[in-house]
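What follows is a single structure, written as structure tokens, with notes after it.
Chain lettering (A, B, C, D, E and F) follows the sequence in which the chains are written, and residue indices restart at 1 in each chain.
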């Protein structure tokens, strides 16, 4: 006899390509840009710089971008939680552009402000006070997005 | 007329202490330790080292531990997603002990293997190949937990 | 007979809340801002962003800020050395805002320029040439503070 | 009999001071600044801030700068590959100023755009999507340098 | 008239898939394992853990591994320099397993000990004394590989 | 009339080589090794690995070691505080070997356990919960050193 937990329902694992699909955004990037000036400036600059990267046509970069895109699709986890996980990773690793990108994506998927704050709290406790300046700038964006 | 999105339901923000409560674990640490030898060794070592920290009685450490505990309670986000966020933060910042801790907590809260893998995928794409050795060790634990 | 060192005076350890008190600043933030234009811009921006964070009223953030504040009080170590340690941590982890904050706090507590430079040197040797751009910007601030 | 590889030619190791010499740059910093506005602004700002550091006359900083300079001289590895290695280290550790510095040095030593892109690709795969914003800014510089 | 450098030969950029091919290794992993006990233990452990990852069959992990493999092929830069760049990235980001992997790959491609040391020197100056413990362990491996 | 603080005594800056001297250790490494088994194992391993590095005779490594040594001499800041700063930098950057080294050096210079704990607290608040596993191992050493 064993006391170990039996968890048949937890063990179905394999994530296959067919389980994945594009998430349904509630808002377009254009709508976000119209609502928040900080978001607009970020998105415009990102578009401009990405066009320059695209022009170079480096095929490994293209494949990396493609893989990156696939990572955040609907799958075993809802896309909105994966975008929030992108927020946390970005706060922990302290990249303002990355925080902006994933906070905007989260917003577009219907993540509430309270959820964004809780996600940032996880990053704050894991990453420490060194992430505070990034948290402050994230809150500045949140104040414009959630009015 | 404005095209900006109206999102009243998204703007209720303040997270208060009363909204938070201890999550309901499906499995105890003891059950996890009985199922996985890797988990058992990790938990035993962690307990032993924490006892030594407790003995020192440093009050700032105690307060930090308390705040850390509060961060992962049920709140605006379900505890299970916050533990998964702990996994991502730990993989991105490359701390094996932290990965083990949050992967075990996630398991105890009913997170499936497919969900754990997807969370690790976010960390892999954000953090790059430098996280692969940690991912390998995480998969070693997952293989023991999800049988 | 044993050769091991007997160090009774070193082993009195426990740091208690009562041993801690607010440090006595030689200069106010206002005085620093009047002396250095770089400091003024930093402090103004920090105040503005913190007000926005305060408005959100997230209670875990408040508790983290409170714990952060307590860490740098007078205690077993003089506050001025702990602020300098904040400088080192900030240079090693490469956060300009954090460097500015702790360099200003150190200055306010009477830390000399030579002491600030020596602290930065520890961070330079530990953290390597990747910290040089941050060191340069720190020296720009020091040049305005210590005239 | 042994299957182990015999590699006499690989084992001559010691790098001595005499093997090292200044690399022959194809272009001066002035020429780079005239070609690229982004490079010019970076170089001007760097010069200004370094003059301030020099004025402080901290002898450990001076020695660190000297050692830093020596690391990239012609030696067992051609200087151009070491500057490219500086690019990779800087992208992995995510320091825009450092990326600019080493990308310019690489250009001055005749590194092609394709070589710079491949080096950045190594950093992208090792460091993950968190380095993408830095990669974008690096590509912006490359577009001005390689016309 | 312009003083700007004309560099037609530097501007041919696009890296295409067809320019890339598998590098020609001088030594097999088996030969390396027979020569160095440290390498053997590392390679055995890596194989064991990778088999476990493979068994999970996560398709994003597979694609990441594939992209990772492609990054180090012969291309605009010789594979041996890209493996050395992998060494530098790994020392800067302080991952012992990654250092071992790329140092072994570099050795298999004919990189000399002096070249490995110079590459590590770049990482030491960029990354600072915090990388020294990893450098020490790297030298321990080099001592076994280059006899 | 000006409100700016006049701080003549703070502005004497230049740190010169002559101001620096070897610190006076209260305990030898041998005494530390006899008192703490954890310290003994660390010191023995470090010595063994350093002998291997020394044998390679890489002159840039030698110069880096020399500069590293000079950084922690008595100077504008007492050596004991600089060793404690080494502890903080090492906890923030999460390097167990480095923590052990500087905690032992601090102990040898008469730093008390309470001072070590306060220094670690600064690193804990700056670096976040990700440093806790390293803090635990540091406390394990402190428990052996301060009996």
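Here is the rule we go by: contacts are C-beta pairs under 8 Å (C-beta built on N, C-alpha and C of every residue); 3 or more make two chains touch, one makes a residue touch a chain.
Since the model is a prediction, treat every value here as computed from it, not as a measurement.
A.B. asks: What chains do chain B and chain F have as common neighbours?
C.D. replies: The common neighbours are A, C, D, E.
A.B. asks: Please flag the chain sitting at the greatest distance from chain C, going by CA centroids.
C.D. replies: It is E.
A.B. asks: Tell me which chain's centre, taken as the mean of its C-alpha atoms, is farthest from chain B.
C.D. replies: D
A.B. asks: Provide the C-alpha centroid distance between chain B and chain E, rounded to the nearest whole angstrom.
C.D. replies: 32
A.B. asks: Measuring from the mean C-alpha position of chain A to the mean C-alpha position of chain F, what distance in angstrom results?
C.D. replies: 39
A.B. asks: Could you say which residues in chain C touch two or more other chains, in rising order?
C.D. replies: Each of 13-15, 56, 58, 60, 64, 67-68, 71, 89-90, 92-93, 98, 117, 121, 124-127, 129-130 in chain C touches at least two other chains.
A.B. asks: Which word fits the touch map of the chains here: line, ring, star, complete or other?
C.D. replies: Contact pattern: complete, every chain touching every other.
A.B. asks: Of all residues in chain A, which touch chain E in the complex?
C.D. replies: Interface residues on the chain A side: 13-17, 56-60, 63-64, 67, 70-71.
A.B. asks: Which bits of chain C are touching chain E when the two form their complex?
C.D. replies: 92, 124-131
A.B. asks: Which part of chain C faces chain F closely enough to touch in the complex?
C.D. replies: 2-5, 7, 9-15, 26-27, 31, 34-35, 67-68, 71-72, 75-77, 81-82, 84-86, 88-90, 92-93, 98, 107, 110-115, 117-119, 121-123, 125-127, 146-147
A.B. asks: Chain A touches which residues of chain D in the complex?
C.D. replies: Those residues of chain D that touch chain A are 94, 117, 121, 124-125, 129-130, 132-133, 135-137, 139-140, 142-143.
A.B. asks: Could you please specify the touching residues of chain D with respect to chain C in the complex?
C.D. replies: Answer in residue numbers: 46, 49-50, 52-53, 55-56, 58, 60-61, 64, 68, 89-90, 93, 95, 97-98.
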